[in-house]
Amino acid sequence: MTHTALETRALCKSFGALTVADQIDFRLETGIRHALIGPNGAGKTTFVNMLTGRLAPSSGQVLLGGGDVTRLSQEARVKRGLGRTFQINTLFRGMTVLDNVALGVAERQRVGGRPWRPASAYAHVRDEAVDLLRTFGLETDARRRVVDLPYGKQRLVEIAIALGLQPTVLLLDEPAAGVPSLESGRILDALAQLPAHIAIMIIEHDMDLVFRFAQRITVLVQGQVLREGPPAEIADDPRVHQAYLGERRG
Amino acid sequence: MDALLSSLVSIAFHGVAYGMVLYVISVGLSVTMGLMGFVNLAHGVFAMAGGYILTSSLGRFALPFPVAVGLAFLLVAIGSMALERGLYRHFYGAGELEQVLFTIGLIFMAVAIAQLVFGTLQQPVALPPWLKGQFPLLGRDFPAYRVFLIVVSGAMIAALWFGVERTLWGAMVRAAVDNRAMAQSIGINTRQLFALTFALGSGLAGLGGALGAEIIAVQPTYPFEHLIYFLTVVSVGGLGSLRGPFVAALFIGVSDTACKYWLPQFGAFFIYAATIAILLWRPTGLFGTRV
Amino acid sequence: MKVARILTVVVALFSVVLFTGHSVSAQTVKVGFISTYSGAGAPQGDQLDKGFKLFMKLNGDKLPPGVKVETIVRDDTGPNPETAKRIAQELIVRDKVQFITGVLWTPNAAAIAPLTAEAKMPFISANAAGVAIPYASPYFARVSFTLWQACYPLGQWSAKKFKRVYTAVSDFAPGHEAEEAFTKAFKEGGGEIVGAVRIPLANPDFVPYMQRVKDAKPDAVFSFIPAGKQATAIMKAYGDLGLDKAGIKFIGPGDLTTDDELQGMGDVALGVITAHHYSAAGDRPANKAFVAAYKKEYGEKLFPGFFVVGAYDAMELVFHVIRELKGKIDPDRAMEVIKQYKNPSSPRGPIAIDPETRDIVQNEYLREVRRVGGVLANVEIETLATALKDPWKQLHPKK
Amino acid sequence: MADALRLTGVRAGYGATVVLEDITLSLAERGSLAVLGRNGVGKTTLLATIMGHTSFHAGSIEYRGAEIRHVPVYERSRLGVGYVPQGRDIFPSLSLEENLLVAARPGRWTLERVYELLPRLAQRRRQMGNQLSGGEQQMLAIGRALMGNPSLVLLDEPLEGLAPLIVDALLKTLDRLIREDALTVMLVEQSAKLALEVTAQVVVLNRGRIMHHGPSAELLADPQRLTSLVVAS
Amino acid sequence: MSETGYAASPRIRWTEWLPWLAGVAVFFLLPEYLLFGARILTYILFALSLDLIVGYAGIVTLGHSAFFGAGAYVAGILAAKVKLTDPIVLLVAATVAAGVLGVTTGAVILRTRGLTQLMLTLAIAALCLEVANKATPITGGADGLSGVTIAPIFGLFRFDLFGKTAYLLCLVTLLAGWWLVRRLIYSPFGATLTGIRENSDRMHAIGAPVYRRLLAVYTISAMIAGVAGALSTETNQFVGLNVLGFEPSGELLVMLILGGVGRLYGAFVGPVVFLIAQDALAKQFPQFWYLGIGLMLVLVVLFARGGLLGLADALAARVRRSV
């Protein structure tokens, strides 16, 4: 029996007269790699922002692990197991790689607000962060500041931070965006190594990556779910082709 | 009843005169902050400079009043352009803290320079005879200069609004405020436009400082003392808007006057409380769209 | 860790700056002069400074042989008692001065006074007029004035001229004193106060207040506003609103129409009636010489106001003590000399120190602003009181 | 004759992020080029780079034989590069007519001609930019680009989200511009077939690199290849 | 730069004891300067509190004097009007009062950003000033609050004319404040503050309660500023209206920037240099003093954004490279 990790029910969002999310029903099963694709302006970013709680939906529900989180803050959702990466690097640029990851780990371990003992005394936080860096081959960069890192590695740090939260659901927003092709192999390797029990939703334009990685695909067009299914079906669906190739209807 | 009516008329009249001056001084700040995202705490320096130019042209050089006002605008605009080229532009990309510190530094320097050049005394405004005395209107006497102030500021504001709302130059400015990158894409040299707009805004501050020298006394600590009023006008009104600061300036002018008239024991308490309340209610100001 | 090196340097600097010495010969008398050189009160402070410097220039060498005077000037940055107290303390402890003088602002002097009591430091106010300050320190003496000295006689005089008066004063201790003194005398004389407003000290625009006065239609408005831009501003408001044309007379202590600010006020000031102890237009020979010396030093167009005279006379008193004691300053002996001080030819006329209260004894003149030789002047039209002691202290003797 | 546009070894992106790598292409005067590829492959970035909105890391951009990589955006516009950006970027606080007028530069295209070409705009000339429908905004964006009398127009998904009728009208316009008006056009379009129909040349991007460069007709005639290039295998 | 975070050693380096050595040395070597020294120490504590929010949490404020003033007035009013004169009790009372003011105003201003936030800090300080100005019976209004007498510390150490007691009290309080701030910035809490300054979006995304953390640090900072205010009251035995003005806030920012923001010891270096320079220059050239500060500020922001300590670091780095 599969278990639904993340679900939306009739999720809508309008800005004035403009509807950017229209009755989106979406299910992300536990342990599944699920890709969200769609042409530009399809509403992917809006959808993700509603999932994470940056944006309040106009109507509809967001359920995380079966519980309604529609009204919860970003922080509360993270505490319930929702992790994410950003399309554009959103790192603590002036801090070290280690601290970037440790900040997240500390929040998860509920020690982020401890004001008295030195941070370095929380060895379990640091060790966990170092372990994470090791999985991504970043251990030698631990003491470097993020801003001094090549872009590809920065993207890895982004993923490492999210993993440090030990999410049950991980939203990866274009993890390979902007990475020079030479370095992108690394990202793919890292994605392949992500723990199997995490439900992963990946928003990605790179179809190679999507078809290599995803077990299911949802196609979003103009704020609506156009199609949902396994990659093989999606690849053959004429409507998807149409959405991408722009064959004229009628 | 009559007394109440008469006091209402007094308050409205003086409040509007004060508000108009505040607006002419502050509107440039609203535009530069909105257009360039620059927290220019030193805006009052331009107003003070305008005031000094007016008082010295009238006093020391005995120039005619209109010429003095024109000079206040022109010299401040030119001076501000030099400052913009020389200093301000280094801070366009910088953080808020840097801009705040830089402009506070400018204020400190301006205060010291004003003290060295003009001394610490308040500068007298030698008004021409036709602006002195009272002006009878509807059976009441109004101070002639304040009537003049309202009329001239009103005309200035109308001209400014016409310029921004109805001319091609205004359309270009609005385009640059709306979307700087796109404005460049259609061939607008935004940097130059900013420099000119900055000069215009500062020039207006100079003009406001000159016209308002009778109401807001010209002396070296001017930029410090009135900073909060200028900032309040801008932040309550909303950045990058023309209408917002106008409403805010009139609101401040009238309510400040009313407080002094009726509740002198409360001082400026009401203004600050109202400012805080408005900013909490609408963080982007009454007519603003962004912070 | 570079912080180390930096801190070392800082500490070194600290020490160097602090150690650079004060090698003072035994015969040098150190006088601390506190005034306001920055901030909103700087114009008045500048006047005080001019009086001080003028005295030093004209009389700085009138000392017994072998005695030298070293003056240490400090800036209290305005009506800023905390700073004033701090720098007075520093003058006493660090600079080891033997006199403190200057001090523009009453709150500042009030903050300094207790300190001088503790340190036994002769403290001569060149301006601060707060009426109760002498009670705070037995080492305090004053050569300036009190507002009661000006406003009480003015109230008595006004009661004979006006029936209804509106009072508008600045909302701080001197303003309250002026209001109280005038009101008391005016009411005793049978007048009616039709309204009273206290105006915040930091106030850019007086028009709303004066409009209120105008709407109340009194015979006169009595006002105390600190001399300087505030007084000029209220005068403007008075003229702009046409109170003069409405037949409302403007009266007050001399702070309203100080001789230096008067030219900036313009013709609205004509006819304003004030009571004060000094006018640059006074025709005493000592004053004429004083004004001439001032103009020679600072420019033909400038007039010395009461600040200048206050500072000048304060230094005169300090030098008098130094001369009497031959440069060997003992606080208690100094106070004895001060209590006996009399100067028949101050620019303001004869002055003396009241040995009881250590406050000034002087004449009060009623003046009217008139145009004299093309410039505005406070013309003394009447001597309201001669050898007047502070009326408040007569009413409130120290128990 | 010099090419209208020639890119050589261009590497560009946003800040440190590299989006385009080693882009080399050329476009003849009066030529037309479709830029295809899936989402996020760098099509928009390519146009933005030509316009000067991105961080340029390496390579060169020649416009009519002159290097313009250091020329500021507004100068490129004045040199004759017109831009219809993806989000249309109409100025919301300007009226429709002002939106056109701020871009005006002397030449054959005038307010009258634009209104003649796009009569719908003439009817709405007094509306503010933010009161226009999507289709109107799109037409306005094109009209605005024309007002600058460009010799090269960069069109980024000009048909996106438009009703079929309007698409037809716009396509006709586009066609006319390319054939009659001596314009050089670079067109990014989601609808590959539409784009290929109206252009002479095509490049297909993938992950910021050029995968394919050739005549449009050829690719249009080979649907299989088109699908493999543009969708996925 | 003092490096913090999960890999940083929190051990106090020997160099960090130097300021305290200097502080003690001054007490014995420069007895005439103790009042001045007390003032410097007070300002260091005040600057430290500002550094916590400006340097570490990245909140720009123009109204920090509100808390200094609150502490100063509460201590002063209790001493002058309520006759509660024990200096330690007053310090505690001031801390609590400033903390309450900090948490209530922080709850409001931390919901906003940018210019609005800047404006709110300014308006709140202006409001406090206006209240103090108008509540003449309690605060003394524009005349200042006089009649403040402070009892000897523990009934033993009288506040003397030379400021010996005041100096030591300031030194010990500063030591406590420094210890507290140092612990804070080395703790996980401190690391999250830096995180919020660097990227508050990301802090939200890792599940950190950003607003609560900011409110916490804002309140702590307010409390420390309040202590500094109370120290100033106890040293001066007087409270003037100007403690709440815009100028102390502005000057404090100048001191902090001059020393170096977000580096703990910037708050030490800045006030020392600034106040000594002020003391030396303002005496010699009172009229030029403002010009000097203004110029210094512009130059620091233009050329030395790390302040004096940053400059020293850069110099040291260059020297090391050339060797």
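Going in written order, the chains are labelled A, B, C, D and E, and every chain counts its residues from 1.
Simple rule for what comes next: a contact is a pair of C-beta atoms (placed from the backbone, for glycine too) under 8 Å apart; a residue touches a chain by one contact, two chains touch by 3 or more.
These figures come from a predicted structure and were not determined experimentally.
S.K.: Count of steps on the shortest touching-chain route from chain D to chain E?
M.R.: 2
S.K.: Any chance you could name the chains that touch chain B and chain E both?
M.R.: C
S.K.: Along the shortest chain of touching chains, how many steps lie between chain A and chain D?
M.R.: 1
S.K.: With contacts defined as at the top, give the pair, B-C or C-E, that has more of them.
M.R.: C-E
S.K.: Most remote chain relative to chain C, going by C-alpha centroids?
M.R.: Farthest by centroid: D.
S.K.: What's the chain with its C-alpha centre farthest out from chain E?
M.R.: Checked the centroid distances; the maximum from chain E is D.
S.K.: Quick check: how many Å separate the C-alpha centres of chain A and chain E?
M.R.: Centres of chain A and chain E (C-alpha means) sit 42 Å apart.
S.K.: Determine the centre-to-centre distance between chain A and chain B, using the mean Cα coordinates as centres, and give it in whole Å.
M.R.: 48
S.K.: Can you work out the whole-Å distance between the CA centroids of chain C and chain D?
M.R.: 77
S.K.: Any chance you could list the residues of chain B touching two or more other chains?
M.R.: 115, 265, 267-268 - these are the residues of chain B that touch more than one other chain.
S.K.: If you look at chain C, which of its residues touch at least two other chains?
M.R.: Residues 38, 200, 202 of chain C each touch two or more of the other chains.
S.K.: Can you list every touching chain pair?
M.R.: Listed in label order, the chain pairs in contact are A-D, A-E, B-C, B-D, B-E, C-E.
S.K.: For the complex, which residues does chain D have touching chain B?
M.R.: 51-53, 72-74, 77-78, 83, 85, 89, 91-94, 98-99, 101-103, 105, 129, 144-145, 147-148
S.K.: Show me the residue ranges of chain D that touch chain A in the complex, using the header's touch definition.
M.R.: Touching chain A: residues 13-14, 16-19, 21, 38-41, 44, 86, 157, 160-161, 164, 167, 189-195, 207-209, 226-227, 230-233 of chain D.
S.K.: Over in the complex, which chain C residues touch chain B? Could you list them?
M.R.: My answer: residues 38-40, 42-43, 45-46, 197-200, 202-205, 207-209, 211-212, 215, 228-229, 232-233, 236, 239-242, 245, 260-261, 263-266.
S.K.: Taking the touch rule as given, give the residues of chain A at its contact with chain D in the complex, in rising order.
M.R.: Result: residues 37-41, 88-89, 151, 174, 177-181, 184, 204-208, 210-211, 222, 235, 240-241, 244-250 of chain A touch chain D.
S.K.: Which residues of chain E touch chain C once you look at their complex with the stated criterion?
M.R.: 2, 13-16, 18-19, 21-22, 25-26, 29-30, 32-36, 39, 133, 136, 141-144, 146, 161-163, 232, 236-240, 242-243, 265, 268-269, 272-273, 276, 280, 282-283, 286-287, 289-290, 308-309, 312-313, 316
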